[in-house]
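In what comes next, chain A is part of two complexes: it sits with chain B in the first one and with chain C in the second one.
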Partner chain A sequence: MNSEIYNFPPFFTRQPNETTWQAQLSHWKDVILTHSRETKQWRLSNTDSIFENKKIQRRLKPDVIQLVLSDLVSNKKADWVDSKTKTEVWIWWRSAEEWATLILAWIDSTGQNGSIVTFYDIAGDDSPGVPEMVGMDSTMLHKVCQVLVHQGKAAVMRDEDGNEVGLKV
Partner chain B sequence: MKKVGLAAFDSKKLSTQQYNDLGSTIVSVQQEELKRQLSQFQERLSHFASAHASEIKNNAKFRAEFAEMCAAIGVDPLANSSSKKGGRIASFLGKDVQDFYFELAVKIVEICRQTREDNGGMVKVTEVRDILNARNKTSAIKVSVDDIVTAVKTLKKLGDGLGIVKVGSQQFIKSVPGEMNPDQITVLETCHVLGFVSVSLLRDNLGWKPTRSKSTLETMTGAGLLWVDGQGVETQYWSPSWIDDGYMVAANS
Partner chain C sequence: MWTIPELNNSLRPVLFNNESDVIVTDHVGLYENKQKVPNFQNGRIYLTSERLIYVDKDSPKKFTISIPLKAVSEVEHSGGFYLKTSPKITCFLKPEETSSSKDSGHHAVDTTWICTICFMSNTLKSWREGNEIPKCSMCGVKPSIDIIDNAVKATKDSSKMTKKKATVETNECPRCTFKNHPSMLNCEMCGAVIKAIQAQTVRCLIPNNSPVVAFRLSFRKGGDKLFLEKLTSCINKEAVSRTSEGSRDSKENSRDASVTPGLSGLQLSGQQRLSANDSLMESALVDLQALMTQGKQVLTLAKSFQSLIEAEGGTSTTITVSSSFDAADSLSEDVFYQELSRDLSEFLHSGVLDKEGGIISLFDLYALYNRSRGYSLVSPNDLYKACAQMESLGLPVKMRRYKNGFLAVQEKFKTNDALTKQLISWIKTVDASNTKGVSTLGVCSKFKWSVGVAEEELQYAEEKGLLCRDEHVTGLRYFVNIMCT
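Showing the complex of A and B:
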């Protein structure tokens, strides 16, 4: 199946058949991840325009949107911005592990092992090391850094106010 | 000189015997000739298949015509190699042709399995073709609808789990056991023409009573064959094969 499913009217109604519904959820996941990757969207709220297709005048109901978001979270493709209100998610169109690998690859290829790189070096506007990461929120950056710390490959550097500002590899 | 009396009967007996002998001689000569021609033909066909193996494999049109020719003369190029007769036919047609269809059949089964949750086990042959050719972008080998139908038919001996179902002008591969009843086929056909069906559409176009429509639509939804849209004026039932057609709709709009 392909992205044409987004123009398929029943895609916006929860399917009564459980097997079909699981397939539908999985297609919603793909549609959201593909769209986020293409538009470099990091954050998705339960009122996002993706849940309504004006062209065919169909929209997903709020309770179904909630199920779609929960499915993204349980598949580790998203994290709740606030796990209490559950109205918004950070989207991992690449996993934190994949981002970590990309950072290491850039550091390796530029011979910066053993030195300090700032988040601005990695994902800043001015010739970023990993261009795809430009615009990533600090919450997400933090999670990526934690992956590297857990792998024993980097330590997080902080400024005098305690904010995370870079990595020592 | 014509024999008369009792001797005439002897003569008649004798000539009948001679006729019979002559007859069986002719038959056996004809048989020999046919055998010779058949073996020559098999040799030629075998030679042709091996000489053009790569073309048969790479050129869908050529392959279809070759299969058609085989069908016309009653040779099954895909006969099961485990049966004695088929084994001989398969061996003289060259393994390439047979392997091509068996490999294709395996891929088709895989696609049916992967898409079953979406479509309840009814997938359009053209959709399978598009998926196969999209996956094989780099390969020069393009699979045709005829190839897929031929490959699916080779799997018939595995039971009625996989088969071709005609729905109006469309061909579907059915990968779930059990027959579809005529009403279900009609619903799919109507979906193809109108995009979707509803109780009132079936009433207006086919004169179906609401109970008949409801039970058919609910059974089909339960089997995953139809998707429900609850945001129209009344409940609409769509065939997921629409999604593949969506390309055409998008291109035309």
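Showing the complex of A and C:
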């Protein structure tokens, strides 16, 4: 995380100058994405501790947090968990496309082309295929799968109850 | 006869001590005898209590000329044909005086003689041979005629000596008496202006012209009637004051004779002063019009009291009399705003602008300027209009409008960005680590700006993306912007 920016008091005030504000938003985006990647954070609520810097005693105002989250969503770096209340987001510190390529790369490298892999194989606790994806929520996994389906590289497998459980590559 | 007057940096003539503005008219051309004077065809003409001054509109530094009212003997007005020639005022000049030999033996002499009885040093004014011998003012004994004669001779000799001296060493400083080289304009010791250097004189404006007997003022855009009225009254006043000077002298002499030195003399002079003050106050307060006309005298009186109050340890508000520009009502609208603008520029350069850190808000300027005027105040609207003209008049100050309509007056050579640069570099030195920022008040005290100006300057820098803000419970602080890189 860029600590110089994070410890800069004006970073926690919405800048009235439009150019500065845009720069400030992009810095917030970087800070959030870096932080999530480092801590493997998948969800970010608007009351998250990242919006408060206890060291310099500054916190971002709720309305500004909302603007920052909206900016993340519009830049495709996050999705609303609930697009009605808009209080929480899924963070894409890697984009869905990047995740899809990672899965394909793992399948290629292990020679499982044509076979069926379950989500547990990919991101389960027990020797996962793509270790970085451990803990990823099913909603996000679904989106990654949709990318693969759209690319025509895989089909989604369902169990008896209709839940998505795996991929056929 | 013509002299080149001094101009100040707002391109107005510098007035003498007892001189005051009477009227200013613009779009005036100058004629000598009956010929147009080249380059002197479009300018302002200032009528003061002692001079007529022409200041050219386009190149005032080059083409400025003045003539004392003393030199004018008669004034004539010609109406001019409608649309063909402008109305003109012709001023006939007195034939130039040849320096007469004033130093004749029978001339009245002022001298002092010392009483042989009590050694009192008596003054003797305008003594002529054959006058009655005066008594000693201390012991009342008449001296012998020899004593007076000796004293007169001694003063004549000494005055001759000083005259000779004066021709050799003209450049003595009036303040510190240091004898400067004749070519020096300012005293080398104390920097005072040496009076001996007088304004340049010019015999005639058109080269190779016949002797000047008259000059004309051509009023291209009117204003001649009012000007003529003021001019004739000024010339008359001038003449009256000159003739009365002589009579006043004789009056003073007679009073001197009646006043005896010593305690009773002091008491008497004190009483005279009191009654003079009394009559001045009475006549001044008869009505407001009278106060306006006698404003200057009243102010000087107030000043004398002020020094008294200060001597007794009290405090008093300082009364600063602004320049003599108070002929507001007699000016046409355009000229009024121009003159007001120039006057403001002079006012600002008399130390006000330095005190305010080179930039002053219009509110502050309004308050300070009117306070210094004391009477016949300027309306906010007039002030605004005058300030708006500053730039077009080529004055060393200009009005600046900030984004949200805030108005201020600042020095012309300072661009907005130069000020911002100065501000940023200061913040960088104060807050090198960029963790504390600066407050508006901090900026105020550093640059001596008023709060309004400081806020506007900070916001201007913020708008440019050079600064950013930190709003916190402890207040608003500004930081150098490190986010836009």
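Here is the rule we use: the second predicted complex is superposed on the first by the 166 of 169 C-alpha atoms of A that agree within 3 Å, B and C clash if a C-alpha of one lies under 4 Å from a C-alpha of the other, contacts with A are read in each partner's own complex, and residues count from 1 in each chain.
Going forward, a residue touches a chain if its C-beta (ideal position, glycine included) is under 8 Å from a C-beta of that chain, and two chains touch if they have at least 3 such contacts.
Model, not experiment: these values are computed from the prediction.
Aligning the two structures on chain A places chain B and chain C in clashing positions. Of the two partner chains, neither chain B nor chain C is touched by A:Asp161. Touch criterion met: A:Ile5 reaches chain B and chain C at once.
Looking at the shared chain after the overlay, A:Asp126 reaches neither chain B nor chain C. When the shared chain is aligned, chain B and chain C each come close enough to touch A:Thr20.
The clash between chain C and chain B in the overlaid arrangement falls on one stretch of those listed (42-50, 258-266, 384-392 or 438-446), that is 438-446.
Comparing the two complexes, residues 4-5, 7-13, 15-17, 19-20, 23-24, 27, 57-58 of chain A contact chain B in one case and chain C in the other. Taken together, the chain A residues at the contact with chain C in this complex read 4-5, 7-13, 15-17, 19-20, 23-24, 27, 56-58. Considering their complex, residues 434-435, 437, 462-463, 465, 468-472, 477, 479, 481-485 of chain C touch chain A. On the chain B side of its complex with chain A, the touching residues are 115, 117-118, 120, 196, 221-224, 227-232, 236, 238, 240, 242-244, 246-247, 249-250. Those residues of chain A that touch chain B in the complex are listed here as 1-2, 4-5, 7-13, 15-17, 19-20, 22-24, 26-27, 57-59.
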